[in-house]
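Labels for the chains are A, B, C and D, by order of writing; each one numbers its residues from 1.
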């Protein structure tokens, strides 16, 4: 089997999740390429070496610029914070590498458009890892919508709630600084939600938004680190939080549906709750990521007496991806969505087909997020062309 | 409209629930008779008078023997503890009164058989108030079974869990003394569960059981009172608990199904949880009394992709009884089951039709409960003829 | 006991719910007044007489103007559609009657202000029946907030979802016409939600909104009737729907919290789902009216290992109102909230204390609803002074 | 790091789950040994080679006898059906190999005792893979019990429900034949449940049981294969089902608790539902394997107003094993329990400590299962010494 060499930038939360994906995909899926964990890139050499040893990355690099130029690498996997995506993706594309990029795609839709252009000009594949599209229950939701089980959609209602920064002593990590993150939950969480809405409902044409800024100053962090809950404050010095703590949006979709989004890091008790509800003329769907193996579905066509929301345990052979795992009823977890992404991406390379989500989808999503930020600043509805 | 005069024995928990039922039934149902709250009978005159005044009972009696002989009473409603049912029911029947009897029917199936005989000889109606048969969600369960939606039934799994006597200082009320109660949760709770099983699944032919006796001595109560959670211990004197604290049963049904029952007053955190599961060749049903407006239903005939347990909110017009209440989605409560019982009972008198459950059903139920007690004593499976 | 005579306007859905409340309150609560069902007012004499007979209203009136002038009536209960509230309430107040008014209070906050003024000038009590404030689980939510268990509140997230008009052949009842209803779910449903938010969170200072108009023409109804799901279309003639089908709002509260509201009649599968989530610095609360006996509560102060959302079955003696009903675990239903309202109202008359919600609360609520409508029209955030 | 060579017998469902465990354990845990996938043993050479290639097993063997004698293997992993465990385990022990054995341990407790003896005489480690002990939520349950949060335990109520053989045309696989499986759900499913009860509650002293035999003849299978739902019937020839379809038990524990078990393959709609409830004097716990990241916990010590069952998402750093995976709220799946088992096993080898469950635990479990079978045959309670 042909090998395909991966070079990854980043070795924290996403670096681990991606590494696990590259390793597991060939064990559970029949793939056209064998992914080779060629090189991992990061700044802290000791930590990087330890990571490479543990995960089996053959080599390490401390300069991503050098890595993207290596002739022995086929795919650049960007698992670094978003402020780095633009430079890395464009350099990778120019060097003829396919780009597998973690979300959010970029700091702006303008950046994203250049990234797309670079990929297209260099005829490389671009993939944007909104991994929740590859939850089997979400695949089922998509199928129900595509096969008209929900009918004309009237409502999309979505939230993404976390609580990891609620302690005022939680330090000023990079996620809380505009310079590195561009925005708070709007970029981090609503990027997922908007991608899901674009996937399941369709194009968004107008946005109003409201942002919340609850804790505006925090102790400095020991280092600008990854999404690592163990990070602790360094000292009594503090700095300004330059992103929002919460972002609400109301939207209109091109197909006439209305939608709402609530992304927050201040929902006490919610750890990673991406939840949505869809209501249409023939049925309804609800989902909660904290119970990601389940989809709830209501059909208006059931018998009068027995209408109700059904809890579908989406683990049957007939549910997308699940025939690759365990017998029905044996649930999968968060990390499996990465394995699905890697498997689909590798398969798509063979067939030379661009799969979704990719940079084109990412641009659409960023335009919605940007419209939200602008609306929150102006108090007006913002249209998206 | 013809009036029908009710005389009730008992004015505690069940006295209130029945009074409320008699008053509400004609407000929400079109009935052939107007129930008249003629007389209420009890021993404590002051409390009795207060109760009569509040609930509109026209007269009071302190002797049930006298009350059952009154020519101006048509129906005797027995809302007193079970050790009194036998005498009252037989006297009422002999005096030509219809008998509306609270569960459990009697202290033994032998008593119950005499009660039935007295009613039949005197051609009076007899009704046994296992009120949960008249929960709309249960009516739906029955309908699903009768219309073959569940298919051949393999499993019945039921529990009835409470925790109101777990405090060792809870006093020795009448419910904890064999003399008054005959048995503990086996009579009090499993009587409901067995009635439900006979209704939904069918005849039980064999029983094995296990009983638990966790707290065997308790402070004496101020008075042998009704199911009143405010009862407090009187003194440091104590007495023996002479009934079981928990009763488990495994059974075989005539139709080949297997079943299990768990009734306990020692399930910390459960207040009034009657829950059951039914599994058959074509579907499944589950129910929980603490969410009594809901039925969960799984159909093996749903599409492969969308099989799952559906939560049916049984409040639609098409659900039995619900067209008499509020618009769909506006839930009803515990007390409504009594209203349904009164409405059905009054309607059945007009049509001179014996409805269920009645004393015949009660005898079957008591035979199962007795077999359980015998099995727990002997360690053997007991057959029921 | 002193009697208090009630005159009610309306005998449909709300007429029944109120009548049941007046009858049940004295059975379950110790009240300072005995409510006498003196007169019921409506236009269709035959239906009115049948209603009066069934529910025990002593007399009928076909003119509410005449009824409010009767010297033998102490309280006017307005259970008619909102377009009538203004005239009736003011006339009642001028005749020295206390006013018990169903929600939504009026067609506008300007109307409501005049209604309040009339009551104050004539020193009569005014009560606005947002009955959900009197769900025991909601009383518990309020108590948790008031005792600082939730801490500083960051988020209010609320929806009220129904699906009763989704069929395009559902006729043009009065609820779908601005002339009678002023607005659609904004007035009907969001009035409840906003009242709840004002009660639990506090004053709202800014609103953005979006409305949806999904079905704009419908067959004419046989008569402009009450919220009656049995209503069927009369003919092939049709008319314009002049209210919105769905209304979304994002708000800011005076205390710094952010909020969102979604009220819709187009949420397939939802029958009467008022659901909300509250997140604060110390805890969280969620509620769903379709499971109205339950409150979900998360405490940030629980042990690290055992943090989680707790499902509290709010039926214990210690839960407000519940000591008047049944033993713990025996649930209550929708109609009980009316009984609580009647009991509290009667008690407040004796103590001559104005309880909430009343017309003052109603004015606040209407201002928020009006701001929402204005925002939906203009696309701007609207401030509330 | 020192290497440790594994030889595995079996390459079907359990072969995959174990292989995945051996590969993932060192990626997520710091282990004292690096497990080397040395050899995999099976009968079908083509399938075996394909499996070895995919999973990276260095060599294949078609004779387990030969494999257990190889000097270059340290651990024999038995992932084959139970009728083979006895021979393989004893041979492995005699050759000085540590034994990692899939459940159920053996065909009888007598076999198991010999297996234990062989291990002890040869001073090798023995581990029995009841993997559900290593679900983080179960670790939390154990901790709550051990720290007296539940108090004196009164009730254990457990079921393990599946539905994979309900179709009468499902063929006669090895799991349905006594010769290979010894028993049906009693061995397959109740072995898990009994292990869980021994772990969480304690020793079982008496058992009554009931078995169900619903479909007694089935088409022959193409081959006696593993737990593979894709298996299809070969022909119209049929054979006798020689194991039970369902097994119910009631038990007494040494500490005074009562328990019940229901294991069945005929619970329509349940795919892999191991669910249990524990009630004690201070609290309660419930668990459902289909939502294995959650534990429900009730504390009798909570404030009166806010008592309720809490849903704990057992994914925090403080929950056992979870600090090795993803940030809180990112759930894990079925396969992770195997990784935990491998990690614990490898760690225990270094420390030369026998961890649980092992063959000693397995003997206790088999004695309970055997008592159940005997009770079902005789109709009597069976004591366990």
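In this section, contacts are C-beta pairs under 8 Å (C-beta built on N, C-alpha and C of every residue); 3 or more make two chains touch, one makes a residue touch a chain.
Please read these numbers as outputs of a predicted model, since none were measured by experiment.
Of all chains in the assembly, those touching subunit A and also subunit D are B, C.
In this assembly, the chain whose C-alpha centre lies farthest from subunit D is C.
C-beta contact counts were set side by side for B-D and A-B; B-D has more. One simple way to say how far apart two chains are is to compare their mean CA positions; for subunit A and subunit B this gives 54 Å. Separating the centre of subunit B from that of subunit C, both taken as means of CA atoms, is a distance of 35 Å. Averaging Cα coordinates per chain places subunit B and subunit D 41 Å apart.
The multi-chain contact residues of subunit B, meaning those touching 2 or more other chains, are 270, 307-309, 313, 316.
Only residues 140, 143-144, 297, 299, 302, 304-313, 316, 318-319 of subunit A touch subunit B when the two sit together in their complex. Residues 154-155, 157, 159, 161, 163, 166, 208-210, 212, 214, 245-246, 248, 250, 252, 256, 258, 260, 262, 264, 266-270, 277, 279-284, 298, 300, 307-309, 379-381 of subunit B are the ones that touch subunit D when the two sit in their complex. Those residues of subunit B whose C-beta lies close enough to touch subunit C in the complex are 13, 17, 19-20, 23, 26-27, 54-55, 162, 164, 227, 229-230, 270-273, 290-293, 313, 315-317, 325-336.
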